[in-house]
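The two complexes that follow have chain A in common; it is paired with chain B in the first and with chain C in the second.
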Partner chain A sequence: MINYILNLLTLATIYSIAAASLNVLVGYAGIFSIAHAIFFGLGAYAGAQFALLIVPDVLLASLIGAVVSGALSLLLALPALRVRGEYFVAAGLGLQMVGITIFSEAHSLTGGHGGLVGIPAATLFGFDVSSPGAFLIVCLVALLLSLAVIQILMRSSFGRALMSIRDNESAAESFGKNVPLLKTLAMVVGCAIVGVAGTLFAFNLAFINVESFTLEQSILMLAMVVIGGVGTLSGPLIGAVFLLILPAILTFIPFIPPTEIGTVQQFIYGSLMAVLMIFKPSGIAGKTGGK
Partner chain B sequence: MSNVLLSVRGLSKNFGGLAAVQSVDMDLQEGVVTALAGPNGAGKTTIFNLMTGNLVASAGDVLLHGKSIIGKKPHRIAQMGIARSFQDLRLFTHMSVRDNVLVAVEPESWFWQPGGKAAWHKRLETVEKALERTGLSAMADKRAVDLSYAETKFLSLARILATGSKIWLLDEPASGLDLNSRNRFINILREATADGVTICLIEHNLDVMTQLADRIAFLDQGKKLAEDVPEKVLRDPELIAIYFGKSQSGN
Partner chain C sequence: MLFLQLLASGIQTGILYALTAAGFALIFGATKIFHVAHGATFVIAGYAFYECIQLGMWWPWATLVSFVMAILAGILMAVFIYRPIQRSEGSFFTVFVAAFGVSIAVQSLIQYFFGRGSVTVSSSLTMASEVIEGLYLAPILAVAIGVSIVLFGLVVLFLEKKNAGLGLRALSENPGLLEAFGLNAKNLTVLAFVIGSALVVPAAILTSISIGIQPSSGSKVMLISLAATIVGGIGSLKGAALAGLFLGIIENLVITVVDTQWSEAVSFFILFAFIMFRPSGLFGASVKR
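Take a look at the complex of A and B:
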């Protein structure tokens, strides 16, 4: 039971990092990315391969995951940054489909549909950190560092510039802001951080395959950001906990038959999201008011 | 003759079959306020968009200090010292009033700004001065979306003021303001011109035009029909007829 709770908290922590990184794109830069699970996957595969082939050090593997995901965001996202609004969403969908196809077909790198199995237990500076408690602490430290990086960046002139292009690109340009550069940097930062989350995810499960990086996962991350509150530091965390912990809590409610839990979950989620979007469209942690 | 800072030569813009701007020549002289007047659809805002790189000209040239800036990106032109406002203001609505102005004085798009702490304090000082001058100091921490209409107009001006640019292109900057606010607005613009700022403004309000403009360039259907001092342009019956509509020209 304790291990189950620790694993659940670990998963919520990892998804909090992923949602916080997506918030850099959606909440601060106004880049409505619907392919974030691909970059989560890139970090997971890169970190897992590093652990399998070189050393299962979670710090080094996370750095590799961040670099690979951040760097590939440049190659894959630059063409997409040329379009805006709904066209960017369509481009993101295309990117998601291409990414999933590559993950499924690049057997030597990803293991194809079978995935990568036997990812070794995580170590840190030679110490075993694979126990549920130790790995949760590692993930919590990663979350705190990620939030610190995001907070520092978003309070700086870079963060202000991102928010200015989110609110109005042409006005930001008229004050000397290089919009393509800013969007590219936001993509690199957001995707590098989700690369860390991906690596932690791979270590946590010791097995990854393409199923963990599908469009549903991208939408789940987006839902975490939107429900929690876009453009806020705590919002994505609240969203991640809400969307991952609530299903687990429902399984403990005695009067819900186990076979009906899925239906009840869907009903509760659907109702809550509808109520939230009507009465607090800025999300749970979002600023209220305004026109 | 004054020093010409910005000039357009044979500037044209076609949208498909529509000639929005047709071979316009114009000079913006240092410290001089030039108003672009004319009915809706005359091509005034299009000329601004061509000057600032938001639109690519079909023909002609835009010269800043005698050098062509045609083909340059809007952010590069802004960095070269041309500041502009928009008719629909385009504030950064979910940012604070202070951050709206701060964005305008932070030149770099990278992770850092040049000049270290000294430059940071200087930028903050510039922002506070611009807020004070426009009467927005008390609402510096408010979000732009929560401001009143007049306050949004002054915020739009505060951003321009803070840039330190010497050429301002203002698109209907005082439209919709009450008399008091408008007078305050005009005073700020007058002070700016006294400090050597060159202003080109689009304005429909004749009071504002006559109080501010040293010269008026009159446009209709993309063509510049006249350019002269306000007394001459605003007394030309043909231009007045175009401006107010033919049916009123006899009144």
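Take a look at the complex of A and C:
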């Protein structure tokens, strides 16, 4: 039981990192990425391969995950610079669908549908940190570091410039902001952080396959950010905890058959997304009365 | 012969895509609402038809029920989801998330009541026979072609000849001016949703007869409609329909060159390429960056 709770907390922490990183794109830069699970996956595969082939060090593997994911984020940065609004959403969808096919077909790198199995137990500077408690602490530290990075960046002139682009791109450009560069940087930062989350995810389960990186997962992350509150520091955390604890609570409700829990959970978060957008588009942690 | 066989099934898939894409494009063109819950309408229509047939209804009545349900779904979305959001000047983002939420909720509701698996309405229309050596065709292909031509004809006639059709086109150009001339933008928005939602019904019914429909079919339909609308050029009904047909045919023909698993990705690869190099699509006006 205690392991179950620790594991749930670890998962919530990992998804909090992912949601916080997506918030950099959606909330601060106004880049409405719907392919975030792909970058989560890239981090997971890269980190897992590093652990399998070289050394299962969490820190090094996470860095590799961040680098791979951050570098490949340029794929999505390209359309982000050319188009916006619905066109960019469509481009994100395109990338998500093509990406998932590549994940399931590139057997030598990702293990295909079978996935990568037997990811070794995590170590840190040679110490074993794979016990549930220790790994939770590792994840929490990663979360705190990510939040610190995001907070520092968003308080800096970089963050303010990003938000000015989000609010009015033309105005920001006319004030001499280098819009393409800023957007690309935001993209790299967000995707690198989610790469770390992906690596931690791979270590936590010791097994990854394409199921964890589908469009549904991208939507789940988006739902965490939106339900929690776009553009706030605490919002994504609230959203992540809320959406992960929810199914856990549902398992204790007697009249829902266990096989339908996923369905009921989907229904709840789908309806929540719709209802919140109508009555409180700024999310749970958002400022009231905001547009 | 494999080529012809694949072309035939490509045309059949393409017609379904063309119908759903045209509905999506009509709604988006007239109201600027990115109706992501279009796929939900599709699933509702398909399951309504299936349930009626299960209950022993004669198929024309089942079709009627399916139309009513789809149109109702469209109207409810327009009035209870999009209108309140637009009233508070919600951004594109807000509308998108709300619509996505609705489609997730609808999908899970249907999953809850009908199960995850696909359901099929059996019909003699799908009995394939050998037309020429090695080429098997089912009558449903002819039905699909006939129905889609009639429907497109009706919609085009409506948009060109009727006042309301003119109003819809005016709505896409300048809603403010439209109101100034005393036309009601709200009613026209609902009208766009009625026609757009009705267009998915034949596609949903044909799908439930030919390959079967499942709760997750909705998101596939939505993605393809979206892709076709952009590849065809936003604002162009003809473009969306042709692009839908084109994507359906490509998806099938590409099997001759690559593995089956890649066939779906090809559509999205095309979409990605269009957004990068020709965001205005095949028939659209040029877009501002």
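Rule of thumb we're sticking to: the second predicted complex is superposed on the first by the 262 of 291 C-alpha atoms of A that agree within 3 Å, B and C clash if a C-alpha of one lies under 4 Å from a C-alpha of the other, contacts with A are read in each partner's own complex, and residues count from 1 in each chain.
To be clear about the criterion, a contact is a pair of C-beta atoms (placed from the backbone, for glycine too) under 8 Å apart; a residue touches a chain by one contact, two chains touch by 3 or more.
These numbers come from a predicted model, not from an experiment.
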**Study point:** Touching partner for A:277 - first (chain B), second (chain C), both, neither
**Key:** second
Check your understanding: Who does A:170 touch here: chain B (first), chain C (second), both, or neither?
Key -> first
Exercise for review: Go through the superposed model and pick first if A:215 touches only chain B, second if only chain C, both, or neither.
Suggested key: second
Check your understanding: Between chain B and chain C, which makes contact with more of the residues in chain A?
Key -> C
**Study point:** chain B versus chain C as contact partner of A:207, first or second or both or neither
**Key:** neither
Exercise for review: For A:98, decide between first (touching chain B), second (touching chain C), both and neither.
Suggested key: second
Exercise for review: Pick out the shared contact residues on chain A: the ones touching chain B in one complex and chain C in the other.
Suggested key: 291
**Study point:** Touching residues (chain side chain A, partner chain C) in the complex
**Key:** 26, 32, 78-79, 82-91, 93-95, 97-98, 101-102, 104-105, 215, 219, 222-223, 226, 260, 263-264, 266-267, 269-275, 277-278, 281, 291
Study note, to complete from the structure: Touching chain B in the complex, chain A uses residues 153, 156-158, 160-161, 163-164, 166-168, 170-179, 181-182, 185, 231, 287, 289-291
**Study point:** chain C - residues contacting chain A, complex
**Key:** 28, 34, 81, 84-85, 88-109, 111-112, 219, 223, 226-227, 230, 234, 259, 261-262, 264-265, 267-269, 271-272, 275-276, 279, 287, 289
Exercise for review: Please give the residue numbers of chain B that touch chain A in the complex, ascending.
Suggested key: 52, 54, 73-75, 78-79, 83-84, 86, 90-95, 99, 102-104, 106-113, 143, 145-146, 159, 163
